[in-house]
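Two complexes come next, and they have one chain in common, subunit A, joined by subunit B in the first and subunit C in the second.
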Partner chain A sequence: MSSTSTSPAPAPVPPAPARAPRGPAVYHPTVGRLTLRALLGRRRALILMALPALLLLISVLIRTQTGADDRAAAEILGGFALAAMVPLIGVVAGTGAIGPEIDDGSVVYLLSKPVKRHVIITTKLLVAVGVTMLFTALPTLVAGVILGGNSQRIAVAYAAAAAVASIAYSAVFLLMGTVSRNAVVLGLVYALVWEALFGSLVPGARALSIQQWGLSIAERIAAPGAGIESEVGLAAGIILLTVATVGATWYAGRRLRALTLAGEA
Partner chain B sequence: MSLIQIKSASRWFGNVVAVNDVSLDIGPGITGLLGPNGAGKSTLIHMMSGFLAPSSGEVTLNGGVIWQNEAAYREIGLVPEREGMYDYLTGSEFVLANAELHGLAEPGAAARAALETVEMTAAADRRIATYSKGMRQRVKMASALVHHPSVLLLDEPFNGMDPRQRMHLMDLLRKMGAQGRTVLFSSHILEEVEQLASHIEVIVAGRHAASGDFRKIRRLMTDRPHQYLIRSSDDRALAAALIADASTSGIEIDRSEGALRVQAVDFHRFAEQLPRLARQHSIRLLAVSPSDESLESVFSYLVSA
Partner chain C sequence: MQSDLGTGKAGAARADRAPGGAPERAQAPDARIMDIGYRAYGGERLGRSYARRSLFEHSLRGAYGLGRSARSKVLPFLFFAIVATPALVMVAVSVTVGIDELPIDYARYAVWMQPVIGLFLALAAPHMVSLDLRFRTVPLYFSRPIERLDYVAAKLTALTTALIIFTGAPVLILYIGALLAKMPFGEQTRGLAEGLAMTVVFAALHAAIALLVASFTPRRGFGVAAVIAVLTVPYFAATAVQFVAYDQGNDDLAMALGLFSPGTLIDGLQGLLFTDETDFPGNLAPDGAIAAAYPLVIVGLTALCCALLLRRYRKAGI
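Moving on to the complex of A and B:
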């Protein structure tokens, strides 16, 4: 086989297509669209819908069995919605917004573009927050209304707590998805072992929990006798939620910038 | 016209040195990056495409460092080796997303043009999950071409392609090279490199083993034995004469071929002595051909070096 060492006379390079003057600063619609489609793909959407469906089912059953009951509402919304459903859906949405792309290598197509890494992260965060809120805060509100008709503002209080916790969970789990291939496991360990188990056993651990920070907002919204109590005060809760969200987002952007492809050499 | 420069770049992973003090320039035209599996080709391409920082040294595009420089991707089109590529999208959605991510003013038109270039218009509305390996490769190619990059980096682009697809991609790359783009592709298959690249860079065990036209590289290896297949009017007499000369190290009479297989250790001397000895012994030379002037042999020498 002979080599083709003589190349034809150089043809001129066709002009490059025109570019829009500046890329977006926070939200890139294309990154958002890809992330949303990945998150709401068939299997993930089923996982995301399962817990809210269970919450609503339980709420309807309790309401029809025992009637409107503020204590039952607080227990279900606090013990199941905020303590289990929000972190679990946060894990699925937060890690799912970036982890699978890094795992299968398709993230290369996002990263080999003139798009700022922090824009990719903030876009994915916004999508993860939107999805987490949609599947947690909304069903929490509806369940609260079903259980107690928002008496003592319990439904709104827990929905607000779920909403702000959604933001922080999404940011923390997005970071985990960026730095670790075992993000889902790590996320579940955090949600179930740290927040649920240690949180109920070790007093100090409770204060370091997104769930408690969210509760500080619920505590303020609900009527004083509603029985909602947080380990941290409102100011501390808001500060900690902000620090966790901003810190995790910033660090995820940094890590994405330094993401290297595993060398198959 | 774009120039990628690798300056004394090394990359190690823990104790493993994947790329060891490599310096090379890659300019316009087609360059083949050749080396056995695990030689460090992908590591080099990852460094050139900004997905790996060199542990030491520098990798630049037109003078600017590529690592952590998103703006460099305006000039770079990358065809990665890995298969992951948003399987839930259709081919045209995928290429469109790439065009949008490049911030092109008319992403739809650019995506259509790129899909036409790789002849994937017919299957563009099927989901990528349903594509054959060759189709995936072509859609990857379209995504890399959509913004008309001046540099095209392809990691093992012919893997899994059937011969027709391979020829088509080779034609496309030749076109890109002829347009003055800097096209670099890696391969461990010599035939591919030989057919396509005017210039090759050989990487063996993380080191830059050779650079240039493959024939020139072969000549550079004069301290290694060259194999020749010789037919003559009297093979045995010629064999006796040749083995007496210091330019050869071994001769085999290949009876099935009806020819001599000669190992020459001194290329220049052998080229001078062969006709002289034949004349002295009144032997007619019927055929003299290098029997190992393929990339395969160049390569095996370099690998065993």
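Moving on to the complex of A and C:
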């Protein structure tokens, strides 16, 4: 990787720059800008916009039809926002940040630039997290306020859960984007089959789901009577979230370093 | 053959004459266009229905990755294993423990396994139509004797058949297991018929929706996400709002909300026709006027998707 060879330089040639100027350590603005444009351009933005719009529409309808209601708020935010909207947007943003580039081969041009591959990953992760949060946590908060006026801190609790889950989902799905060409399908398998189906069959599977880890934070923030329950405790939830995020990011960086560009049919 | 002989003779004649004198222009009458053996197709013309059947068979095999690379077989068969395993486990338990009733109704199996079936569908539908759009092979199909209707019908029946196999096989496994466990034959056969009927309705509705969505994008990855989104987002939304309505004691509204997603439509239909039980809040099944709306909406939605799909291919260029 390192281009600085330590061969004994002969004559006092003009002092070769010891190293290429160090780029930013975490976030590379140009890479970030390009990723953002890829994520929000084209028709991807449509899916990203449609889901929060639907959530807000449902919230407004329920509020006008039945008035403020904490149970309704908890059901809509827990059953739709956190269970469906956050994973789906996480899949689109997380895999979309890198998957298409690897797929069509244009990632070569990015990798040939003097930017560390870990920096590329963390940059893309930050952008994906930002997009996911913008399209999930913010609408969740607004919907919660519309539905129940944030009584018992339900709106804030679910928004926080969505925000935290966004980070972990983005990291995990970004990793899938570097691992497989079928990243979207794999991500959906995790979100739908593991979290929704196996979670309802095997209680143990629930403890290993990002949704539940996020809920552990919501459970702590909301008032005790709000009816938010998580399979894991707060400490376990935070530890698992951190491990999943850091581990996935680190491994995604490794994958990108070892990426082979052999075209396969 | 014949033409070869002809040229041979002509060449020999010319060679004979050559030593005598310089080759003259006088030989012009010999010049002619050689018949080098191009032949018209003389075999049997298999026609439109044969082309349609080939397209159907090719698409159906493609849905399971047959005739494609080994990598493309992994996911379909993995999903098939996931969808069939619970049935096998239930059968194994029933046979060994010797209970006299299966733990799940035949008609509810497809509804229960919806997430996996949706994933299979999201994989199969874009493969069927997106690649043709992406590589611009659609105009080539239409240069054959098939028509727009044939193409759409072949793709649609292929996807429906693939889905029927996918969801019907576990139902059959349940049935065979039930007979092995010596459960009453008549009752089980009736259950199997109900289960297969629901499988067909499920497959027709979902195939029409998924194929329509997939036919709008030439990019496979986007198609997968779009199909999943169209199937799951309404389901989660409808279910969440159903719970709100149920909590407020408005059962009729909760039942009516079931009309707004493919998954709840099928669940409601099997509830009102066969099992009287659904995954709706309170496990209620639709009844009264709303119950009549379920079959109507299912038929209407399927027909609408088919019509839109036909319309989609009106312009053969893309």
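The rule we apply is simple: the second predicted complex is superposed on the first by the 242 of 265 C-alpha atoms of A that agree within 3 Å, B and C clash if a C-alpha of one lies under 4 Å from a C-alpha of the other, contacts with A are read in each partner's own complex, and residues count from 1 in each chain.
Here is the rule we go by: a contact is a pair of C-beta atoms (placed from the backbone, for glycine too) under 8 Å apart; a residue touches a chain by one contact, two chains touch by 3 or more.
Given the structure is predicted, the values throughout are model-derived calculations rather than measurements.
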item	value
Partner chain in contact with A:Ala72 - subunit B first, subunit C second, else both or neither	second
Residues of subunit A touched, compared between subunit B and subunit C (which is higher)	B
Contacts of A:Leu259 with subunit B and subunit C, given as first, second, both or neither	first
Which superposed partner A:Val246 touches (first subunit B, second subunit C, both, neither)	neither
Contacts of A:Ala83 with subunit B and subunit C, given as first, second, both or neither	second
Contacts of A:Val185 with subunit B and subunit C, given as first, second, both or neither	second
First, second, both or neither for A:Leu54, with subunit B first and subunit C second	second
Contact residues of subunit A, present in both the subunit B and the subunit C interface	103, 265
Interface residues, subunit B side, partner subunit A - complex	11, 13, 18, 28-30, 38-43, 46, 49-53, 68, 70-71, 73-74, 76, 78, 80-86, 88-89, 94, 97-98, 100-106, 109-110, 143, 147-148, 150, 174-175, 177-181, 191, 194-198, 213-215, 294
Subunit B contact footprint on subunit A (complex, rising order)	1, 3-20, 23, 28-31, 33-34, 37-38, 41, 101, 103-106, 108-117, 257-261, 263-265
Parts of subunit C lying in touch with subunit A, wherever the complex brings them together	69, 75, 82, 113, 115-116, 118-119, 122-123, 217, 221-222, 224-226, 228-229, 232-233, 236-237, 239-241, 243-244, 247-248
Contact set on subunit A toward subunit C in their complex	43-44, 47, 50-51, 54, 58, 62, 66, 69, 71-72, 75-76, 79-80, 83-85, 88, 91-92, 99-100, 103, 182, 184-185, 188-189, 192-193, 196-197, 265
